[in-house]
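Quick heads-up: structures coming right below.
In what follows, chain A forms one complex with chain B and a second complex with chain C.
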Partner chain A sequence: MNDLTLIRKNLFRKKLRAILLTLSILIAFLIFGVLGAFYKVWNSGAELAADNRLVTVNRINFTVTMPYAYWGRIQAVEGVEAASFANWFGGYYQEPTRQVQTFAVDPESYLNVYPELVFEPEQRAAFIANRTCLAVGRDIADFYGWSLGDRIPLLSNIWQKSDGSSSWEFDICAVFDGREDYPANYAMFHYEYYNEDLAFNQDQIGWIVIQTQSADLNASVADAIDTMFANSPAETETATEAAFSEGFANQFGNIALILLFVVGSAFSTILIIVGFTMVTAINERTGEIAVMKTLGFPAPRIFRMVLSESVMLSLVGGLLGLGLAWGMVTLIAAAPGVSAFLPGLSMPQNVFIAGVGLAVLLGLLTGIIPAINAQRVKIVTALGKQ
Partner chain B sequence: MASLYELKDLSKRYTRGKETITIFEELTMSIPQGDFIAIMGPSGSGKTTLLNLLGGIDRPSSGSVECEGVRVDKLSEGKLAKWRSQHVGFIFQFYNLMPTLTAAQNVELPLLLTKLSGKQRKDRVATALDIVGLADRKGHRPRQLSGGQQQRVAIARAIVADPKVLLCDEPTGDLDRASADEILETLQLLNRELGKTIVMVTHDPSAAKYAARELHLDKGRFIEAKAEPAQ
Partner chain C sequence: MFKQIGAVTMINLRSIPQRAGLSLATIISIALVTGVLLGFLAMSNGFRATLQGTGSDNVAVALRAGSQAELNSGLSSEDVRLIEEAPGVARDSEGRPLVSGELYVIVDGTKRASGTDANLPLRGVGPQALSLREGFEMVEGRMFEPGTNELVVGASVLREFSGFDLGETIRLGSNEWVVVGIFSTGGSVFESEIWADIAVIQNLYNRGTAVQSVRARLTSVEAIEDLRAWEEDEPRVNLDIESETDFFASQAGGTAVLIEFVGWPLAIIMAIGALAGAWNTMYSSVDTRMREIATLRAIGFSGFAAAVGTMVESLVLAALGGLVGALAIYLLFNGVSASTLGSGFTQVVFSFAVTGGSVIAGMVMAVVIGFFGGLVPAIRSAYVPLLTVHRSE
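Let's turn to the complex of A and B:
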């Protein structure tokens, strides 16, 4: 027997109470873990952004297009190494519910500014050469069961052809992967093939991706670009790719703040419940604590034992919650089609580490008052009440 | 017999609101090593308070408590805790065992404050339980034991660290006559065979008869009633 035995036995002396407390902590950490995993996916654009990549969009909003000619003018700006552009197609396959993230791009320049996209050399060449080619990310190809040589129609929920239809026919000539965690959950095709049949908004592009010669030049390049288009019908706003991705994610609201409120509410509630229960539990044991002090257990040791009890409770609940979150996230990620829409969904290590830290903090916060109370128990007073 | 405790001009006063209550005033006494004293007296006479002062779980208002030359009343809280763990064994009226621990674990509790190895602790626990006749109940939890058995576990806990003094506060106050006699015989055995100094507070005259000396505490003064044990 040692102090740990005493801590464990005290913690689980009232099994139902211990189970309910563990469950409530577990739920808070389950929420924390699952939301943390989803937040990572949501924010992955900013995390994966290259330091020396900028994105130029229409100053009004990134959903408002700008002239195709801007691409050429931007390439001439001092400090620009390479530039490409893309336009949002808003594609779906057969049914509007079967979404396919699709961009109209200039293949050669686009692949130059995105070295993270991994193509077989012959497929890369085929994509550049074949104007009806659709280059498909591995996750999308796997989800829809597409393979090289397939001819498929993609419909747009934004754009129309001059003949009134919204369907473009494509030949799948390339399937690409993302390097490391880079997502491969979208498809790309030739801007020219799409642009020539457009019923409206021809020669317009959605955003321009710029690779600067050095990240140190980002500010000056961005400034030069925005100054160049100032007072034009389509003024621009240029930002780093990370800022653009963050802004894109935040169009749905401040996700980080929402998550903070959800997780914060869960933890505040748990803090009150567990804290109050711990205070009550230790008060119930005042007599036993007095006996331990009588036997010679010093006050600091009693303080440590009570605090450890609280930390142990929090860690048990926290680790179970994080473990369950990991299991749930892994199951969700393995479900058919999820990788196509939530690429890289997994329990991030930093969420797990933060969770463990949070569990220790929760244990310390809920245990500090009972521990101080236990340390201060007056033997004569406590034994006199028996 | 050499003196174990020396109490000099011991006073204990409590303040309740604006009122100061004097438990005893300038009490002086000596407790020889190996003595078995029964302290009797009416409720509120200060019997338990005296026991608490001897055990270092309370401090006098004035005067001194000296045990083997150590001024117990002057020790810091930390040193006092260590002193208690090494010198004093406590036996309470309501046993005060830890309900979540087995008999053996309850007895082992004071040994967690020593540097003994697990094996040494186990041997000591076995010996202590053997002395009180509960070797076969070591795996039982308090609620699975009778009152008398629980008190014997408490005695084993009190002697396991081999203290010189056993302080017993109404050790038979919650027991039937037969169990009480068993407990008192065990205490007598510990006094006679192992030389433990025992100070026992009791209301029960028949329990007091097991002691070598009876002291009656009344109005802050001792009246010695008996010099030799009756049984």
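Let's turn to the complex of A and C:
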């Protein structure tokens, strides 16, 4: 009989207790895993941002537009590799509640600055060539059941045509994907097609996306752009794509802090429950440990065995919890419509690895006091007790 | 019978200190679960209370049909003039219609908590705007002078955003503004706004004479139907008309429900973990008192009494946990100010509100954990074999 068998037998000597402890550990790691996966989606804007991509918006606020001419002037700034722009369409399909994230763009330059968007070559060409084309992200197309060749009307809750209607007709001529985790949950169309009919706010754009020649030039390019438009009626604010996404996510509140509170509560709970139970469990075995010592088990070996026992317990619970989290996240991600709202939902590897690390840490923390107690057991006092 | 139950229960409760560690673990774990639930509910209730406390049944809000939000809407001065003449619209003592055409521009403010920029509504208002907001008062300073670059900020904006103190100069885009007053509307959404003269904003933002929303005081709550009927028949306007109460109540829905949809499942899953912990504690409790229970049974106490004693112990620990959790959340979070992006696409400042209803929900959850955690151990304690008395540990 080696130590491992002994540890295992000890751990499961009271089966119900072992199962209950495993269950409470499992729950904490389930919460950790699932929230970790959701947080990754939440943060994906900043994480997926290219490090040499900048976003220029109106300095008043990104919802305020700026002149179309800015696009041309920015392309001429030193250090700018390419630039494109977009305007928010506020689109919906049939019902105001069926919103479709839609941008009015200049197709060719837009696809240049977003190499993450994957098009079939002929569809890419069709999108660039066809004025009434709507390029639809795979997730949106799946959600609404649209396919190539469909002619659909999209309504805008902001813009109006000069005839007073808010409906634009589009031909779906491209369905695009996102590379790896890049979201494909929006649609886009020709700015020209939309702009020529606008009843108001013509020749205005929402934001400009800039690819710099190198990330080292980001600061100088941003500075040059904002200086160029200083003291004009539409001053600008240029930031890296990551900073812009992060700033927007921050508008909802400190989500990271809230998650930290929740995960912290979950782990405090198991730390306390498992910690006290381990102390009790080892105390119950004082007599046995004394016998083991009498048989010649050295103190360090007993210390290691008790510590291994708690690490094993927390690894079993932790791995089961992380596994369950992985299963749940996969199930949620596969549910219809989810990918349109939570693009790229999956179990992140680093969350999993961090989870395993936490499990080992939890095992060490909950086992250290019982292990020290066990190591210190004096044969005479322990056996004399009975 | 009841005497027996009472006696066993007292023995159980008095012996809790002997199992201090595990009992404390149960109390703390249930406190944490209750705390998480109440934290989320306090957030959702606070947000909802702010939006539902905004608006009046006597005020109608008109937006361009299909625009859904003030930000997206656009109306002409002709629309405003027509609404002024519409049926159901109240007039002041001098016969002027109580109608306010307003402009809504989103500007950046810097959040105190994170130091990052967030959307704030800059509302352009005319002289009638005040008569359409009940409870409006200047807390500090004075109202802006029409035609100047002066503005007044809501008390909530001041609390959550930096740079808006009285007398400060603020740069919004290329324009500079001076804060001349702080106003309150009794904690409603309007306090999360900045107000300036509508004519100045129309001019600075090239809006001509256009507005984005029109508010009108109604002659009575029912008069909104007259106004709607008028809109149907009037070919020159194309509006969505809603009572102000409904307008804000519908905005409360999304965010508040979302917070609850996150909070409840999390709390329930955590509750299962705490349940396992409570079960474990009660199991140990019965375990260590095997001989004691057997002795009681031997001298004539019923198994039922032993079971009730165990169950009460579990319920007491759980209720204590629930109370500790609720109290901690109340002390830590009640009244704490926070802000999030509302459906108007601007920040809504609200205060966490720990309500009686949510405390009851939390306590119920705590007691349910205690009940199920104690159930099996209680049954077990009812069936302790009498011979255990002789067993030497």
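Note that the second predicted complex is superposed on the first by the 368 of 386 C-alpha atoms of A that agree within 3 Å, B and C clash if a C-alpha of one lies under 4 Å from a C-alpha of the other, contacts with A are read in each partner's own complex, and residues count from 1 in each chain.
Assume a residue touches a chain if its C-beta (ideal position, glycine included) is under 8 Å from a C-beta of that chain, and two chains touch if they have at least 3 such contacts.
Owing to the predicted nature of the structure, the values given are computational and were not obtained by experimental measurement.
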Task = Please indicate which partner A:Ser24 is in contact with in the superposed arrangement: first for chain B, second for chain C, both, or neither.
result = second
Task = Considering only touches as defined above, state whether A:Pro121 meets chain B (first), chain C (second), both or neither.
result = neither
Ask   = With the two structures laid over each other on chain A, which partner does A:Gly145 touch: chain B (first), chain C (second), both, or neither?
value = neither
Remark   = Partner touching more residues of chain A, chain B vs chain C, is chain C
Task = Would you mind writing out the residues of chain A in touch with chain B in their complex?
result = 1-3, 5-6, 9-10, 13, 287-288, 291-300, 379-380, 383, 386
Query = In their complex, what parts of chain B are in touch with chain A?
reply = 52, 55, 57-58, 77-78, 81-86, 90, 92, 94, 96, 98-101, 105, 108-110, 112-113, 121, 157
Request  = State the interface residues of chain A toward chain C in the complex, per the touch definition above.
outcome  = 16-17, 20-21, 23-24, 26-28, 30-31, 58-61, 63-64, 90, 96, 155, 157-158, 160, 164, 166, 200, 230-235, 246-247, 250-254, 261-262, 265-266, 268-270, 272-273, 275-277, 279-280
Remark   = Residue positions on chain C within touch of chain A in the complex are 21-22, 24-26, 28-29, 32-33, 35-36, 39, 66-69, 71-72, 74, 105-108, 111, 113-114, 116-119, 172-174, 205-206, 238, 266, 269-270, 272-274, 276-277, 279-280, 283-284, 338-341, 345, 347
